[in-house]
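Note that chain A is present in both complexes that follow, paired respectively with chain B and with chain C.
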Partner chain A sequence: MTRSVLMTARVGVVTFPGSLDDKDAARAVALAGAEPVSLWHGDADLKGVDAVVLPGGFSYGDYLRCGAIARFAPLMSELVPAARSGALPVLGICNGFQILCESHLLPGALTRNSSLRFVNREQRLRVENTSTAWTGDYTEGQEILVVLKSGEGSYVADEATLDELEAADRVVVRYADANPNGSRRGIAGITNEHGNVVGLMPHPEHAVEALTGPSTEGLGFFTSILAHLAARTPAGV
Partner chain B sequence: MARVVVDVMLKPEILDPQGQAIAGACSRLGFEGIEQVRQGKRFEVEVEGEVDEAKIADVRRLAETLLANTVIEEFRVHVAS
Partner chain C sequence: MSEVPRLDTVAVAQNSPDTPQPYAELGMAKDEYERVREILGRRPTSAELAIYSVMWSEHCSYKSSKVHLRQFGEKAPESDALLVGMGENAGVVDVGDGRAVTFKIESHNHPSYVEPHQGAATGVGGIVRDILTMGARPVAVMDALRFGPADADDTKRVLPGVVSGISFYGNCLGLPNIGGEIGFGAGYIGNPLVNALCVGVMKHEDIKLAQAPGPGNKVVLFGSTTGPDGIGGASVLASATFDDESHAKRPSVQVGDPFMEKLLIECSLELFAKDMVVGIQDLGAAGVSCATTELAAGGTGGMRIELDLVPLRDPRLTPEEILMSESQERMMAIVEPSKMDDFLAICDKWQILATEIGEVTDVTPEEAERGGRLVMTWRGETVVDMPPRTASDEGPVYERPYARPTSQDALQADDAGALPRPTTDAELREQLLRVLGAPGVGDPTWVTRQYDSYVRGDTVVSTPHDSGMIRIADDSHRGVALSTDGNGRFTRLDPYVGTQLAYAEAYRNVATTGARPLAVTNCLNFGSPEDPGVMWQFAESTRGLADACQTLGTPVTGGNVSFYNQTGDVAINPTPVIGVLGVIDDVRTRLKSAFGTEGARVFLLGETRPEFGGSAWADTVHGHLGGLPPRVDLAAEAALGEVLVTSAERGLAEAAHDLSDGGLGVALAESALRGGLGVRVTVSTDAFTALFSESGARAIVAVAPGGEEAFVALAAEHGVPVEQIGTVGGGSLSVTHPGGAVEIPLTELRASYEAALPALMGDV
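After this line comes the complex of A and B, so read on.
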């Protein structure tokens, strides 16, 4: 029997105080066919997971800045070096994206929506990079319908950083319709230089089932990581 | 006990929609001649004993690490009089 038959990919979902979408993220992981593993912010233990999702919500009440305090959680001391090296795939959704930026795993920052209003709606995105660990199951240019719900979702970075992101094809998803929050160049999500760390403001985990989501087109993020991990596991070991 | 103050402001090139909303309210309230408002944060850090160069350096490190996100914000550290 091969290793791939015996092993199910284990994807950790981190809960911080104030996390909101950890259960939905775990459910999306399970629907994609992986085993969700609960990780606690206060334990510096990744439990040997193959990948990690930092879910949406309001960690530490968004005090100081969104994600600024979560960045220093004991778990993050394990996660950050593993993610930075390219070894550990990490997906940050909404507050998770903010945490990734505060951790300097991704460049730039998320600031108050230009409208000053909390945006809560179905949102069309264009997938622009399908070579990351989390987007391999999409096709380039594919439009997907997911959910956007954030008050501080305006992606900002200096012009040189934005140019660098575009030149290196590190913009993963862009808002397909009108820019909902003032994000520079309509950027909804980006990746790091290795393609293992992806952060995005909209919520793919809320678009995985017809009953509760506007589509099931968000599931691709979670099936992509499975395919990525399977391809990485040496065959026949 | 002494107090060290850290003022944090968004960098000038970063859009400040809150400041713009406040500026809009100023003109509605009849405060004339106000061209721009930018909103920031002030942290008052109480430190043990006398404030010396080493303590100020510590607070500056705290500001860089936690109080400000230097990607979008700049900060100023000074001793409260």
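After this line comes the complex of A and C, so read on.
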């Protein structure tokens, strides 16, 4: 496909049965200047998008393990190989992060909050890796204020995996103040070895408008992907 | 006694007029049962008895409240905004730009006591379906909660369960919870109140009504399967009709499936958008009985249903149980035959089970005269043949006797003004901290942190500010604001005034955030209507609300009555919860309650009188309830509202907070804590009255330096008393008064404010 860098990047937002923050993710994509494209879980068709957001929500009600059913959606059969190869940038937010873990695109799992209750709060994060497809517009160590809202947001993995994540600089964001859910080592989000797949529990898409969010500091995830896509499109093609 | 046949068909009923029937066990009075026999010209079949018993229940028929609720229509103010009034699933209000909003509040009190989590969860589910049924997309929820004393053992069971139920259901539906209120009191210990509100948005042309026009159109049940949950009294019928092996103990509280409801919302909205339905009704209380009789009565009057086509999750269910089941997440649609294939395809896309169970029929003029004709068959035999309107619209209406209790005089004579007041600054300080930390006044974060307030990305204002406000469209800045308020203590002292005060507070809260109040919903929570004293409270309360709405020009669009909130002879404090909806042209002008700028001037609007009856101070410091509630002055509320709304529109104010529970002291502390900035004020009267009075029609407003003159002029223009009382800044709340001064650091205020619920329920 030949497209000029001046053409708008197309970012898919997947709707699973029970997805809730899909509209919000699409709004954040649009505010960043890209074209949001609705993707349906039941269609094994990525519609040629440049990147994909797996939004928050309760896919299939999450009555089973969160994300455990969504990973088997027809769309995921297209998405997973493209993401695993490093070709397709994917951002998983909250339930999207859970789905990425269930799909084994990211290591570890999300378990019940240590409080055993749903937590909705404004949350400070520290950006620790700015070399991913989704965080290039941040500076390393930058603190951002976004929203955390989840019942099963406690990130767990075995010690070896945690060590490996830290050694390879794959922790993308960490909770900046008190750990809100018992996540190991305060981890709020991680990336894969290529840096194209990022998953995080907090919601950057709810911090993109001063009117409705605690800040606009979440917008960086969505402007970052635009810059990333523009940089990788060969000039003059 | 003769052997009862297994299936009680119409033919059997005709031939066995003397068969005893368990109408009393189903909650029907003898004369009600006699009236059913008269309507049908024979004894009802057990299926018909099931229908009449649930449709004529207090909950569905409003038989005790109807004569009082009529005032809301009779005294309704002229309003161009009302597109659909009372009587439908929810009222619909025009908010401009061709858009409409529908909203309603409903109780789920009794189930929430029996099983707090599921009771509260299905309360949310039910009100959301009411809003959906009007053709609207549900966009936000709120809830008004009352519990027994915060430190009571049972409150520690009920409160966390209710909150987790609302959290579980609302969060999973993707509806932001934008506000509400929480209160505590001795009378609620066996009678918690769980009132859930939902608001939805639609275009004018999308309004849907519960009707079944067009003979030959199909009746389709879609959503969840029908199970034995919530059938309560149906087991009485079952055991009377069947030898029993299976029907012994069945849950009478419904179990919620929010994922199914989410699919049902998306599926229904797609069905509406593609014009697939001509009539729609949700299945709530009284399930299939209610949906079929109401749809038929709203249409041709004729309908034929094959009950054995209803998809069941328990194949042993009897026709009576199917009719009474309150299984959640079900809807009934009327669909033209030519659209059935497309209808089913959309349901299939959302993985929603849809089943044709009957069709709309024509009626003869004679049948129409009798109230239509609803026929239901079970395995080929007719088990129901009745005029549906007699069940849905022509239920019994009672003029229950009511009388002002003789104890009311003594209660009102017990003046809270005579209670010992703080005599030193140290006492004043200590009492302010206590009131600020009282469970019904202090920080509700323990509760609200469990609710998603951000989803959908349109929440402009939410808890803990004065109203919940949402943007209603992507292509405009228009928004709606909602507040619910109720004060059982005020209403106990004077039901007429107390209800008006609840209304006034909700009205004021909406205006405080910059929105213009437009319409009203209500959830009237009372004790037993069979107690003349309670009925007097109810009559006074409805009269107060109707009068207030008439005076301030905000029509009542709908609501709900919950009676029998009492244990033995002891009723709850009468607790009408009033919801006011307002409109704001530009949500960017909205005001929050947090002080935001050092140096901003703080003004007090309104008149402060020595009014302490039913106040948070009297309750918290003295455990006292007596005297008269604050005076209500609706003209002053309207004038204050104008000043607040205009201040927001003109950008004159940078923060505003209404004065209610706890009075000025609590309001100043809240605004300071929310902004993380202190405030220094000077009061010219006695400090106790200034800080703790709960006089109505008051608010504090923070104005940027330089704006004082314009603000004062605006207040003067509307005749609202205004006084500059202080300045934002510093790290404490400091109050200078003629007799001394009190200073409390924010850290100390915060410790009191935030401790109340975590101390009892565990950390946030």
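The rule is short, and it goes like this: the second predicted complex is superposed on the first by the 231 of 237 C-alpha atoms of A that agree within 3 Å, B and C clash if a C-alpha of one lies under 4 Å from a C-alpha of the other, contacts with A are read in each partner's own complex, and residues count from 1 in each chain.
Here is the rule we use: a residue touches a chain if its C-beta (ideal position, glycine included) is under 8 Å from a C-beta of that chain, and two chains touch if they have at least 3 such contacts.
As the structure is a prediction and not an experimental result, all values here were calculated from the model.
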item: Partner chain(s) touched by A:147 [first = chain B, second = chain C, both, neither]; value: second
item: More chain A residues in contact [chain B versus chain C]; value: C
item: Touched partner set for A:166, first chain B, second chain C, both or neither; value: neither
item: Contacts of A:21 with chain B and chain C, given as first, second, both or neither; value: second
item: Which of chain B and chain C A:177 touches, first, second, both or neither; value: neither
item: Touching partner for A:115 - first (chain B), second (chain C), both, neither; value: both
item: Which of chain B and chain C A:61 touches, first, second, both or neither; value: second
item: Which superposed partner A:156 touches (first chain B, second chain C, both, neither); value: first
item: Partner chain in contact with A:107 - chain B first, chain C second, else both or neither; value: first
item: Which of chain B and chain C A:206 touches, first, second, both or neither; value: second
item: Set of chain A residues, in rising order, touched by both chain B and chain C; value: 115
item: Touch list for chain A against partner chain B, complex; value: 64-65, 68-69, 72, 101-102, 107-109, 111-116, 154, 156-158, 182
item: Sites on chain B touched by chain A in the complex; value: 10, 13-15, 17-18, 21, 66-67, 69, 71-72
item: Footprint of chain A on chain C - complex, ascending; value: 164, 167-168, 171-174, 257-260, 262-263, 349-351, 448-460, 471, 474, 587-588, 763-764
item: Contact footprint of chain C on chain A as seen in their complex; value: 17-18, 20-21, 23-24, 27, 42, 56-58, 60-63, 115, 117-121, 147, 149, 151, 203, 205-206, 209, 211-213
